[in-house]
Amino acid sequence: MMDAATITTWMNEIAGAVRAERDYLIQLDAAIGDGDHGINMTRGFDAVVRALAQEEDGTPGKLLTLAGKTLVSSVGGASGPLWGSALRRGGRALGDAPTFDDGKLVEALQAALAAVVDLGAAVLGDKTMVDAMDPAVATLRREVDAGTVLPVALRRAAEAAEVGMRATIPLQARKGRASYLGERSIGHQDPGATSTALIVRALERTVAGSQ
Amino acid sequence: MAMRKFLNDPEQLVKEALVGVELAHSDLLRFDRENQLLISKSAPRQGKVALISGGGSGHEPLHGGFVGVGMLDAACAGEVFTSPVPDQMLAATKAVDGGAGVVHIVKNYTGDVLNFKMAADEAADEGIKVEAVVMDDDVAVQDSLYTAGRRGVGATVLAEKIAGAAAARGDDLAAVAGIVRHVNERARSFGIALSSCTPPASGKPIFDLPEGEMEVGIGIHGEPGRRRAPLGTASEIAELMVEAVISDLKPASGANLLVFLNGMGGTPQIELYLMFAEVEARLSKAGYKTTRSLVGSYITSLEMAGASLTVLELSDATTALWDAPVNTPALRWGV
Amino acid sequence: MAMRKFLNDPEQLVKEALVGVELAHSDLLRFDRENQLLISKSAPRQGKVALISGGGSGHEPLHGGFVGVGMLDAACAGEVFTSPVPDQMLAATKAVDGGAGVVHIVKNYTGDVLNFKMAADEAADEGIKVEAVVMDDDVAVQDSLYTAGRRGVGATVLAEKIAGAAAARGDDLAAVAGIVRHVNERARSFGIALSSCTPPASGKPIFDLPEGEMEVGIGIHGEPGRRRAPLGTASEIAELMVEAVISDLKPASGANLLVFLNGMGGTPQIELYLMFAEVEARLSKAGYKTTRSLVGSYITSLEMAGASLTVLELSDATTALWDAPVNTPALRWGV
Amino acid sequence: MMDAATITTWMNEIAGAVRAERDYLIQLDAAIGDGDHGINMTRGFDAVVRALAQEEDGTPGKLLTLAGKTLVSSVGGASGPLWGSALRRGGRALGDAPTFDDGKLVEALQAALAAVVDLGAAVLGDKTMVDAMDPAVATLRREVDAGTVLPVALRRAAEAAEVGMRATIPLQARKGRASYLGERSIGHQDPGATSTALIVRALERTVAGSQ
């Protein structure tokens, strides 16, 4: 079973990961966007870590919702509302319980993906974070349904996210700033898909570390 | 990390600059530091429709330079090239609502649209009438239902002035929003970059543009354009811009135009006026009448060298609204 | 030769740009192509003292952007960074004289002084009363009888506005010239460059300034400054500028100041306002009151990144003249 | 004896020389001024050549005066009024005669130098064109007084101009734009002294060619 500490650790892991890859994300976004993705994600998850540090006795659902709200209120740009709504919706899916199991995690991530799609209207192949998030969630669900232990299931989900991330390279963007480049967006990896892969990897480490 | 910038801490840049705006223009506006807003001293005015806009910083004077009398009631400043967060737009909406509702002028970028949308939803929950209008005047981007669509660029400045005058004379919410929509429909823009710019937080130019080349079809966030081409003469570039804008706008023959030749921040006025003359020559040859004009750096990408052309087909009504008095840090006449 | 410029033929740049100025501001001024002058549509006015200025181009909006009502009656445009020739100043003087005499506002550079002097002599020969005032407000240059003296920089803009208002209200020749002199005496300036600029005719940057360094004590012709120093923070640079200006100007304690934070052409507004806040903090700490301010790029060196600070100690009289209505392409209020 | 053709040829020679050295003069002026000296001199003497081409039947004095006026009306900057007044005053010194001899040439150049000093108030060692012009005129006068034939006298005058020109390198400028640089003007050759040396060399070539 997972609990509030899982959420807090996951958010800390993400904050560390996006900070470590800040310049790389900037560079990817500079190629087909405006070069701020690494800054946005770092600012956002730093704020999340600070917010959660004040809120240690919340339920996992409450913490994830708070993380989402914090992203909405601190990031701006496209990634702020998208990831913010995702985590908020994921938090709501976790409900009020003090713990959650593998199935509930899948449900929460599924809800998070739905929030992104509702808000941003991107479909697979539009060269967005959906291209990493969708296969990750699908893989996780399949593996969990098949009874794979969570650390392994998450490893496969993270691999699926990375495959999806790399698959954005040859695509022409149809959503977000990169779409303004038209054909010039081809040949570059989507920054949002890249940070999404980092976020799934962070979850994998969180769960592996606690077991 | 040394950039060619007057800068202390990049993370504090926006707030520190807004302090300066407030100090220089305390007769017109105040700075709400917590929400990173510039709010007109004349707002809220009971019964007047309020106008707010906002977006990433680095486009100055847009939007803060247009807060005052006869234009915006408040501007929300995001980090450099990053949309503000919904909390800001919500706070601005509440601060300026005079009971007659608030128009949100939103430039069409995924981030701006999503963040403004969240704020508008919350404002509605709190009982404030909001009408959001999304500006998308940039002809460089092929419009399509399946993409993020066109970007909002230069027409935003014109819409803020024209709709601001409509709000000042007492038009209601639907009318003011309708005027923003009308300006967006009858205006088109096209931009060219001769250099990249360097966002302070990353400290690196967004793209590398060799001398002798230009980026064609840029937006305002320092992003590369639709294509790269050998640098043309002013005359050739003017031809390109006029052709792109006019072929898409298709003004009525002999129409009255407002021609807005905008600098991207690092282009000196002498070049802007040269470009204006080139553009003008082509428009008048095509039988149009430039009855109003605006030449200068009003919607910028930091220190980028470049220019954009915005053409608005004027009616008598929009001409009168353009001419109405305005008093803001960046645009002022009649008062 | 490819530069990052909107340009046709460098030799035609000035004329082509002035065509654009005339097209954009035909309500205010006209372009005399033969003499390369911008002349106010309201000039000559019988009985009004006329004001002219001029200098090399590349400093826009100075001077042409200040031609109109309540400021300059005409501006003479030289080639880029090169003083105009006496024929131009003579033609301008004749075109605007309304019988009450003409004030020449001359920035202190050998070329400007000599060319204006020749024109004034010829005008006198033709029976026109001319009073020339040489501006030399730049504290970076140590004053000395044996050198060319201080340069004329930012105070020129303020003198043109303030003396323009005096002329508009009917002051006589000696009085208007006296006001220009007074502004020059009670104002000081200091400039910093973060980059060089590239004059179109040569196509090469004037100097090579590595990132991380700045030129301290620059003028407005893209020339290197008094010294080169490691690039400081905005706060450190503001300290340097304020100290240089105030220690030389020595305003009365608690004096009212007009603070003019000027961009050199390639510095975005967000940085100018940041610098203004830094300057302001120091001046108010020192007990001065900034009762008027001007922030923007008004006297520039093409696309140079940099800024200059001009401080004018205000009296009630100069404050009222500053506030008086002005309508020019670059400065407008009260009308 | 020299005549109108001497003036015209001299001006043509100058125009050619400053055009050939345009970039060099720009470079010298960029180091301690504003980088336009090569452009100014080229624009000015091109205008002189055009003006003289319309005026072929003038006396030498009239032509030199016209050249000076043309410089005043076409150059601007510091060098326009200085060289313009110099040639104008030189032309006046030549009077109305259709020809002039070595002594009259010396007198004209002496008058030209006086015009520069009257207007610009520079003294020897201020790092200006006076540093090349003054020794050139002094040398020419001494040589002509001593009976040296003109081509040789002019060669020595040109050498003196070049010595003066090079001697500006270690000086700190006290006049013109370079003075704003203070000590930073030290170590650079004055552009106006350099073009002055070109002008004296052009006169030498003119006279040598006609003899």
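Chains: A, B, C and D, in written order; residue numbering restarts at 1 for each.
Criterion: a residue touches a chain if its C-beta (ideal position, glycine included) is under 8 Å from a C-beta of that chain, and two chains touch if they have at least 3 such contacts.
This one's a predicted model, so the numbers in the text were calculated from it and none came from an experiment.
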Item checked: Interchain centroid distance [CA atoms averaged], chain C/chain D, Å -> 32
Notebook entry, point to check: Cα centroid separation between chain A and chain C, in whole Å?
Noted result: 54
Margin query: Roughly how far is chain B from chain C, centre to centre by C-alpha average, rounded to an integer in Å?
Written below: 29
Notebook entry, point to check: Which residues does chain B have that touch at least 2 chains other than itself?
Noted result: 80
Notebook entry, point to check: So that we know how the chains sit together, what is the shape of their touch graph: line, ring, star, complete or other?
Noted result: line
Notebook entry, point to check: What pairs of chains are touching here?
Noted result: A-B, B-C, C-D
Note to self: Under the definition above, what is the set of chain D residues touching chain C in their complex?
What the structure shows: 23, 26, 30-36, 38-40, 43, 72-82, 119-120, 173-177, 179-182, 184
Checklist line | Residues of chain C defined as touching chain D within the complex | finding: 56, 78-87, 109-111, 114-115, 117-118, 140-142, 146-148, 151, 199, 201-202, 204, 206-207, 219, 221-224, 226-227
Check: Hey, which residues of chain C end up touching chain B in the complex?
Finding: 2-8, 13-14, 16-21, 23-24, 57-58, 60-61, 65, 80, 194-195, 211-212, 231, 233-235, 237, 265-278, 280, 290, 293, 295, 297, 300, 302-303, 305, 307, 332-335
